[in-house]
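Note that chain A is present in both complexes that follow, paired respectively with chain B and with chain C.
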Partner chain A sequence: MIRAVGLTKKFGDFIAVDGINLNVNQGEVFGFLGPNGAGKTTTIKMLTGTLKPTAGSIEILGMDMKNYPIEIKRRIGVAPDEPRIYEHLKGYEFLEFIISIYKLDKTEMKVKIEELCDAFEVDYLDKLAGEMSHGMRQKLMLISVLMRKPEVLFMDEPTVGLDAKSAKILKELLMKYAREGTTVFMTTHILEIAEKMCDRIAIINKGQIIAEASVSELKEKYRASLEDIFLSLTATNDIKDIVDSL
Partner chain B sequence: MLKDALIIMGKELKNIFRDKRTIFSTIILPVVLFPVMFGIIGLITKANEEAKAKAEYTVYIESTLSQPDELTKVIDEIHKVGNFGIVNDGINEKAIESNSTAVGLKIGKNGDIFVATVIYNSVKEKSTYAAQKIREALMNLNSELVSAELLSRGINPEELNFVQVNDMVVGVSAENGNVEEAKAKGQFTQILAVLVPYFLLIYIFAGSMGLGIDTTAGEKERGSLSILLVNQVSRTSIALGKMLYLMLMSVLTSVLNLVGLVIGLYLEMSFLGEANMPFSIEIGAAGYVLLFITVILLALLSSGIITLIGSLARSVKEATGYITPIYMIVLLFGISTMQSEGSKAFYYYAAPFINIIFGMKDIFMGTFSVANFLTMFIVNSALVVLFVYLTAKIFNSEKVLEVTTE
Partner chain C sequence: MRELSILLKYLGFSIFQETGQAAQASNSRRFGRRDGKRRGTKNRAMQYITILLLSSLPMAIFVFVSNYKVYSTLTRFPQVAGVFFNTTISMFSLFYIVGFIGTGMYSFSRTDEIELLLTLPIKTSTLTIYSLLISLSSQLFTLSFFVGSALGYMFGVHVPALSFILRTLLQLYFITSLSALFSVLGGGMSSKSLVRKLNVFMTLALVFVYFGFTYVEGINVEELGENANIVRWLSFTNSKYNILSWAYSDSNILVALTVVLSISITVLFWYMSNKVAFENVQRKYKKQNSEVMKKQSYASLFGGFVWKDLKLLVRNEQFIFLLLYPFVFGIFMMFVSASSISSIMPFVVIAVFYCAMEAGMLTSSEMQSKELLFTLPVKRSAMILPKITIPVLINIALFLLIDVIALLFNKFDKVALIFIPISILLFALSAFIGAYYSITKPGKAKRQPFSNTATFIIEGITIGLAFAILFPITMLFETPNLKNWQEITCWLVMVGSIIASILLSYFYYRKLKKVIEVE
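Right after this comes the complex of A and B.
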């Protein structure tokens, strides 16, 4: 579903993402775990066609990003790390805008929106986005993505900024979608989320993937909690030893 | 692609009309700008003229005329031209200096010829006006004396002309030979030809500047551009949608500006009366159509170049930095061409912005030429197409992407 080979992004001389390979299967919840500044957002931006890679290739749903960017965007959903919504649009106007861009069926969407609003306790669709709090905008953004029920979901730190209940609902929803065949690619720096939700995780540090396995495999390998593994993997010292032993 | 562009345009419009400042500056201000401006000019002019005509003036007279009926004649003439009180006991210079409605008149005779000196305070408008009226009275006296003298010699003064000069005013339609009126109209038309293109140029360019920078660089800065980039729209559609939105706003503003101009002219007329101050642009229906086309070209040209530069810039600050010099140059074009007349050499019509100023001048001054207008039309349309193309290219390149630094 998601395949990247030798994916690289340079900003000037700085290498933000350094030749990573990714392979995520259908129905999988894939966690992209790494400390701040590791290159998670940059990777997700390349995978979703916002940033053009300096090198490497991307294939989503069997289509090359270079040749089919619009077709890919039609079938995926992206929740960026920052929910930036046009300040002067009301909540429902933003949703209508997304519906018109994707040329979706209005009545069908109305049902979905109502369901999602109930789930996330969103009752402020007639408020201007500029008057919403960060968390409120984030839930609106999530609804705008989830209502389309895309085949592949990219979520950049999706639970950051959500209250505990909404975060829990999101987690459950994503796992339910995955069971129904949706592929989920999510970044996070929170171990607990990766551990609880993800089928498989890749740990990225300084633009490079330093470990990739299922959570149970990782735990088995190191006989430690995921937190200890994560911290030791991303610590500046003795990384090499751990990586070599993997 | 066009459909997506229209959806984006609609979104931009919805977004912008929530902003009260934008509604004011794009809808309300253009309509009221000219009416208020012309209205104030009209009101002040009218009030001023009325005040001057209604005021009571004092003439201090110092007469060395020996025959009493000669002075009576002079005073009669003065009464005919205005509201004058006569003080016949010498010039009171202090009073003339301190009192704005006072003038002095020294009058005597050198042989058969009246010799008069008008004393007034040139700093004071009313004193100047009164002096003017006294001069008028004296000239009337002169004409009467000339006629009487001629008649006494058996010559009809009406037959004394050997050269007759008639005025014919071109460029402005004179109503049935009413030459004076046409002259007044000519003067105002000149003012229009100077001011209106200048105002429209500034207003439309400055208006597009604010909105254009906001929808391009501003959206980059706020990060909301990423919503469009991650969703199912081609970048060409995004570029086109933004361009269309800005052009629509700019055209809307300019049309409202023109509507305001017409309202302003009517206001002017109702204040001052059509006969007194015929402040009208008699450019005819065709003239209005040409003006409309020219203004729309200006709107498209401005929004085109602003969207292009705004898309190149990484931040509002950077965009403002790039566009301000262009705005200055456009302003400079406007100011430097304010005094020059219409109908210039071909190359004036090949230069963007300048050609629009001269195109408008030509319409107001009646120096319109099809070849010049077509040159202007083709040059500006070609530039607009080029700007759209380049903006689409920028949106498809990395340029527009690598700005969203978190």
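Right after this comes the complex of A and C.
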């Protein structure tokens, strides 16, 4: 479903992503973890065709990203970390814009939109996106992605800005979609989410993947909690020393 | 006082000045000093007021001079002068009140900014004065017209200066207190977008009043004075029921009434502001999703991007200004000149630059959401096409509309038809340039499509070429008995500029194509 080989992204002299390989299967929930600035978002941007890699190849749903970017984008769904929605559009207008761009069945989509709005308690479709809070825009963005039920979902910090109930619904929904065959590639800083939801995780640090396995395999290998494993692999300073010095 | 000066320094008059994290982030990105040293924070309010005063002062001086000339010639007709003065002062007072209330209703509401300020140890009275100053600052432009006109009357008609100045101050106090009261009562019923739209319409209205003065200045005022119809026509402004002229009334009772009313309104305002200012107002009825989704949409019919960009066009007050200003200016010129050529030329010269602005604004709005855009299954060309076609088609439509109006008023000149293909070329060039520079040289603020350098380049190319093509055409067709060398020069300049426009259009089209693929 998702395959990346030798994926590299350089910004001038800075190497944001350094020749990583990824292989995510159909119906899998794949967690992509890493500290801030490790290269998670850059990787997602390359996998979703919004950023051109400096080197390496990407294959999504059996199609090469270089040759079939539009076909791939039509079949995947992306929820970016920052939900930038056209500020001058109202909530329902944004959803209609998406329906029009993806050439979806309007009647069918309207039913799904109503269901998702009820689930996420979205009652502000008549409001301009520019007047919405981050959380409100995040929910709207999620609805615009989930209503299509794409074959592959890329979610960059999907629970940020969501209230507890909405976050729980989203997590359950993603698991349900995965059971039905959707591939989910998600980044998160909340290790509990990764532990509960993901079939496999990869930890990226300084542009390189430093660990990749299922949570149980990692725990067995390092004999520690996911949090301790993550920190031992990525943190440079002792946390206790930092806290003591503050 | 200290709290107020801090608010003014750091927040300025933030409805009109871009603040917030986005602006700060963008500024620090662009202007962040690598040595880590920070420049002192400039006083945002002072910056805004200075710019506003500098831009409105020339207008105020002109209004003063033109009014002075008119009133000087009307000294023999004091009744006509009085009627004319009451009309202008009532009109400016009305502009002031409407503009003030529009801004005031927003600044006295519980906005996100006020929400934050209410958590800080700042007195509510300070916030009230701050909100009043925001509203007041929004009307400086109108105020400069008001003062210019009043001074023109004072010096032109030779009324007693002290009494007149006191009456003018009373009038300003009266309309300010009245506006402030309505603002605080209507707090929460306005929005930032509505305030900005209102200001655009007020500015447009003032601009055309300004043009009106330039026209009135040119006509024979002696004849106007003898024409009693004008007095009858405008005499309603002299009526005792015109509350906006009471401060200047000959009746002492009306003047005293204005003083009493102003003080009472101020007391009432202060009382009400403590009661209702910055409070949550009852939100309007929230529609059910099913009800909202039933609305007829033309998104699919027009193609998503065209529909979306048209929405931006309708909802953005800058757009409304950019479209209305050259159009109304063209119409105005048509009525005060002999033929439609005189209206078409200024229209095209202004509209070509505005067309670039419109294309730039549409493109920069798209680029602000590029994280979303790049995930959509569309080619970049499908995204950029409406940014070019919408401004070009709308400006062409306005061009044709001016011609139709000229035809209806028997002012149409066939030479205007030659301008059509040239305008299409110029508008297309402008749209390419605007879209290109909004990506490569974006402005500092969110609402500014290009950097200052790019703006100068765009102005130079678009206005320069429009002038270099249209002026020779006008000369060739409108000026009789041109000398041989003049005719040759006109042809050379015109043909050379047309060729340059075609080449530049192609050049910027290629550059734009390249840049949108790279982005």
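Following the convention adopted for this analysis, the second predicted complex is superposed on the first by the 235 of 246 C-alpha atoms of A that agree within 3 Å, B and C clash if a C-alpha of one lies under 4 Å from a C-alpha of the other, contacts with A are read in each partner's own complex, and residues count from 1 in each chain.
Assume a residue touches a chain if its C-beta (ideal position, glycine included) is under 8 Å from a C-beta of that chain, and two chains touch if they have at least 3 such contacts.
Keep in mind that what you see is a predicted model, and the values were worked out from it rather than measured.
After superposition onto chain A, the modelled positions of chain B and chain C overlap sterically. By the touch criterion stated above, A:I101 is placed in contact with chain B and with chain C alike. When the two complexes are overlaid on their common chain A, residue A:F11 makes contact with chain B while staying clear of chain C.
In the superposition on chain A, A:D123 contacts chain C only, with no contact to chain B. Applying the stated contact rule after C-alpha superposition, one finds that A:E114 touches chain C and leaves chain B untouched.
Touch criterion met: A:Y92 reaches chain C, while chain B stays clear of it.
The larger set of touched chain A residues comes from C, when the choice is between chain B and chain C.
By the touch criterion defined above, A:T50 lies against chain B and chain C together after alignment on the C-alpha atoms of chain A.
In summary, superposing the two complexes on chain A brings one listed stretch of chain C into steric overlap with chain B, and the stretch in question is 219-227; the others among 147-155, 165-173, 219-227 or 237-245 show no clashing C-alpha atoms. Contacts of chain A with chain B, set against its contacts with chain C after fitting on chain A, overlap at residues 48-51, 70, 73-74, 78, 80, 82, 84-89, 93, 97-98, 100-102, 128. Residues 4, 7, 10-11, 14-19, 222-224, 226-227, 229-234, 398, 401-402, 404, 406 of chain B are the ones touching chain A in the complex. Of all residues in chain A, only 48-51, 70-71, 73-74, 78, 80, 82-89, 91-93, 96-103, 106, 110, 113-114, 117-118, 122-126, 128, 141 touch chain C in the complex they form. Residue ranges of chain C in contact with chain A, taken from their complex: 193, 286-290, 292-293, 295, 297, 299-300, 303-305, 307-308, 311-312, 315-316, 365, 368-372, 374-379.
Put simply, chain A touches chain B in their complex at residues 11, 41, 48-52, 70, 73-74, 78, 80-82, 84-89, 93, 97-98, 100-102, 128.
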